[in-house]
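To start, the structure itself, in structure tokens.
Per-chain numbering from 1; labels A, B and C assigned in written order.
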Amino acid sequence: MTKLKKYWIHVTLVLISIIFVGPFLWMFLTSLKTYEETIQVPMIWLPDEIQWVNYQIVNEKFPFLTLYFNTVVVVIATVFLQLLIASLAAFAFARLAFPGKNLLFLTFLGLLMVPGQIFLIPHFQIIGVQLNLIDTLTALVIPNIFSVFGVFLLRQFFAAIPQELEDAAKIDGCSSLRIYWQIMMPLVTPGLVALGILTMINSWKELLWPLIVNQSIEKMTLSAGLANLIGEHTTYHEQVMAGAVISVLPMVIIFAFFQRKFVESIAQTGIKG
Amino acid sequence: MNKHREALTGYLFIAPLFLGLAVLFLYAFGQNIFLSFNDVGVFGERTFVGLENFRELLQDPVFKRALGNTFFYTGLGVPLIVSISICLAWLLNQKIKGQVFYRTAIFIPAITLPAAIGLLWRWLYNSQYGLINFLLAKVGIEPRAWISDPDIVRWSILIVLVWASVSYMVIILLAGLQRISSVYYDAAQIDGANTRQIFFKITLPLLSPTIFFVTIVSMIGTLQIFDLIFLMIRADTVAYQYANSLVTYFYEAAFGLNLRGYGAAISVVSLILIFLITYVQFRLQKRWVHYD
Amino acid sequence: MVKKFLAAFFVSALALTLGPIAPSSAKEKEITLALWDEVQKPIIQQSIDKFNKKFKGKYKASIAQTPWGEFWTKLDATMPTRSTPDVTWMNVFLPKYANGKVLEPLGPYIKKDKKLKMNQYVPGRVAAFNYNNEQWALPKGMDAVFVAYNKEIFDKYKVSYPRANWDRKSLQAITKLLRTKMDAAGATSEYPLAMELDLQPSTANFLAQDGADFVTLDKKKTLAGTPTGIATFQYVVDLMDSRRMAPYTVLSETKASDLFISGKAAIIFVGSWKAKILENSSLGKAKKIGLVQQPKGKIHNYSVAGGLGYAMAKNSQNKAGAWELIKYLTGRQSMTNEALNGIEFPARPDAQRAYARGFENIDPQVILAATRTAVPYPHNGNPASLLPLQNAIALAYSGKAPVAETIRAGAAATQKLIDELNK
């Protein structure tokens, strides 16, 4: 590459980085102002005095520690149960023969296309009302652990394992359960990690369902908790921004550390759509 | 192990998934269809109304606008998201200094909660105190009411949608680029191909499976757009009606106004539409996606 | 092996943290109070803390705050279930919940309770929560709408302040003068007037003052579509069109109080629930905020007023405790505290005097006077039936549709829904 070309690539990337990061810097600056500074005319870039107290106020109004704890619990539970259920089914579809297998598989394929939101009403009926799980973390986990997408992803990984390995295990008298757990699972680890990360992101970002099924702030995830920051009668912009910063910062730090690993894992998911 | 035993094992292995899907999706969908033929009162009392909900739906101008808007977000959003993220991924895949910095910067929106993104842009867009109008004024552009002027509100949402989605899709595409073996590039260079030829003749075709994946994911995402609209625009304003998507309208009807039967009807119609679109996409993929 | 161990660990951890709601083994019965206002929450929490101390070992109350935008959605979803809050704020929406049979009638509790005297509350507020000959809530406070103006802006442009006995014509004249002077000074992003889009602190007052009630007192009619009503809407639209009032777009994303405090609006119509924000602003501290009653319309200048109450859920699992909490929060001590903190003008005379003491920078007497003449907020308690009219008003204000036709059609649709309800 020529020097000039490199120069232009840098210029472009710097501009793009500003577009992607700039808003977050603005968010941070706003979070350090007083309420009146946020609506001061003409606009000011920096506060007169840095208002760390906004973070304290918003933290008193919203139990961020609880919200984080809830989110972590929900995410871990969702990822773990989804991986377990999906890998069991994926193993069966990839390595076992049983009547009706293809038909079942096609039915599941159809479900892949269905947007989750259309199930909100019946889910609220079943999980919220009939199982009486309104205002519980369990209610947040249940709808997300049955992942058709996960089955598709993992099936490819299970299918790629050489038949000889399975045959050898069978000769040694291994049961299907042992083949699945002790021999196959370690071999599909990259798939599990990739699915785990995707599930993690989706479950971390989910907004609509937690908003509907849980009422008290103590049982909300970060996502739904943040949505609650907008009050109708008063909105303190600086507190809203402080709350947003609290939600962003830990993820950015984690991501900065694991950037490479993260990209590699995602790479696994795009293999064949 | 005999055949029967293997079949039994197979059923047992898929049983948890099957039971979950049966209850939470098949039964749930049945219930949705059932509800769509009913008028459901605020606190759950039901009356059968036949096709009334669907008839009302087809005459409902707000529903039509929501439908049109959803196509707007998908029709413009998906091409923009996919093309911009391909370019960005290509730039980020160049061997240059500061790569890690650029990557982290561009990925930040992808790991930010949509709720936080909505709150942030709501504030950036504010016509009175927002950063965007402030910066535009510096270069002599008139201030605009980005998220309250009914005529431009869809575009404002689209911008944020693209901004947030590109960030995520770049990760996947970047990973796809890194999987392309350098053998192809070396061969092309020996043949004397220039950068543009390499990009269009080698990179794009080899990347096509990933591009397809990204297209599908962004399509599903844009068809289901909810968070940004919900968080950026005040629900009882005219602008909200002009930005409404199928899902925000569904939420408004089913949970905001408590018209569960009507909401169920919206969801049934949306499902049919989305199903058709995805089906067409899958049919079309054979024409342009190359698996090696 | 490590994996297996980890897996087992996660499963058991999950079972522990997630398991279906474990019955609390504590002796204290929990009571949840649902409310929406983040400004009031910390002050009410003080009363809750005192309540918990008083009933230590018996009841333990806590607040579940949901913002206004989601509040009723959530309440509707949970009230029919066992997860309902035990006590909730209630307002003019009462009939919807009373008819839906999700509220506990309070009549029997009041009769049984020897210490509680209903005459310690303002009679009008008690009546507001009496529906179908049953008492459904105990009143908390009452509110009123008044006008605040920024003396700094008036002084800068040399315009004289609104007088105590002003009317709609003077409002028009003052805003016109301000607009002219603002434009001359190049201050195009300043506005003479701003109002919230919510009807309560704005248009609902104008309608009542002109005799074209949004909903009549007997809850049977809307007069919004009458010629008088349409003239009122036209008046507001004209204000916006001539930029004497902040336009609809600006008001859809920015609160009128933000515009006022940042010096972008010279006059605002404001509800008493925001008085404390004015008091604490730097504009207020500089003694630059003047208060005055609303300008007189065709008939009077009275404010429409609502007020909150505390109601009990029928599905509450702890009704005795819920009743104690309702009594405690509407009691003299709690309400005096709320008044002192300026978050509520109490619906009980023995706590009202404290309210004025909470203000140093703005004149509380104007607010008190507004509550004295206030008329009930016009509402039929069924938000869904009013929706067509509200949508029509929004559309007319946005300039997206002609005023008269839109309002007339919206009012007719709402009237039809109201008639169906009253059948």
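The definition used in the following text is that a contact is a pair of C-beta atoms (placed from the backbone, for glycine too) under 8 Å apart; a residue touches a chain by one contact, two chains touch by 3 or more.
Keep in mind the model is a prediction, meaning the values are calculated, not measured.
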Between A-C and B-C, more C-beta pairs in contact link A-C
With chain centres defined as mean CA positions, report which chain is farthest from subunit A. C
Between subunit A and subunit B, tell me the centre distance in angstrom, where each centre is the average of that chain's C-alpha atoms. 15
Provide the C-alpha centroid distance between subunit B and subunit C, rounded to the nearest whole angstrom. 37
Quick check on subunit A: which residues sit in contact with 2+ other chains? 39, 41, 212, 227, 229-230
Which residue numbers or ranges of subunit C touch two or more of the other chains? 69, 77, 80, 189, 258, 262, 264
Per-residue overlap in subunit B, given as positions that touch at least 2 other chains: 128-129, 255
Provide the residue numbers of subunit A that touch subunit B in the complex, in ascending order. 1, 6, 9-10, 12-13, 16-17, 19-21, 23-24, 26-27, 30, 38-39, 41, 43, 84-86, 88-89, 91-93, 96-99, 101, 104, 108, 110-111, 113-123, 125-126, 142-143, 145-146, 148, 151, 170, 176-177, 180, 201, 204-205, 207-208, 212, 222-224, 226-227, 229-230, 237, 240-241, 243-244, 247-248, 251-252, 255-256, 259, 262-264, 266-273
Of all residues in subunit A, those that touch subunit C in their complex: 36, 39-41, 60-61, 73, 76-77, 80-81, 124, 128-129, 132-138, 141, 185-186, 211-212, 215-217, 227-235
Would you tell me which residues of subunit B are touching subunit C in their complex? 41-44, 122, 125-129, 143, 145, 147-150, 233-239, 241, 255-259
Per the touch rule, the subunit B residues reaching subunit A in their complex are 1, 3, 6-11, 13-14, 16-18, 20-21, 23-25, 27-29, 31-32, 35, 88, 91-92, 94-96, 98, 100-109, 111-116, 118-121, 123-124, 128-129, 131, 134, 163, 167, 171-172, 174-176, 178-179, 209-210, 212-214, 216, 220, 223-224, 226-227, 230-231, 247, 250-251, 254-255, 260, 263-264, 267-268, 270-271, 274-275, 278-279, 285, 291
Please name which positions on subunit C make contact with subunit A in the complex. 3, 7, 10-11, 14, 17-21, 32, 34, 36-39, 41-42, 64-70, 74, 77-78, 80-83, 85, 189, 198, 255, 257-258, 261-264, 273-274, 277, 281-282
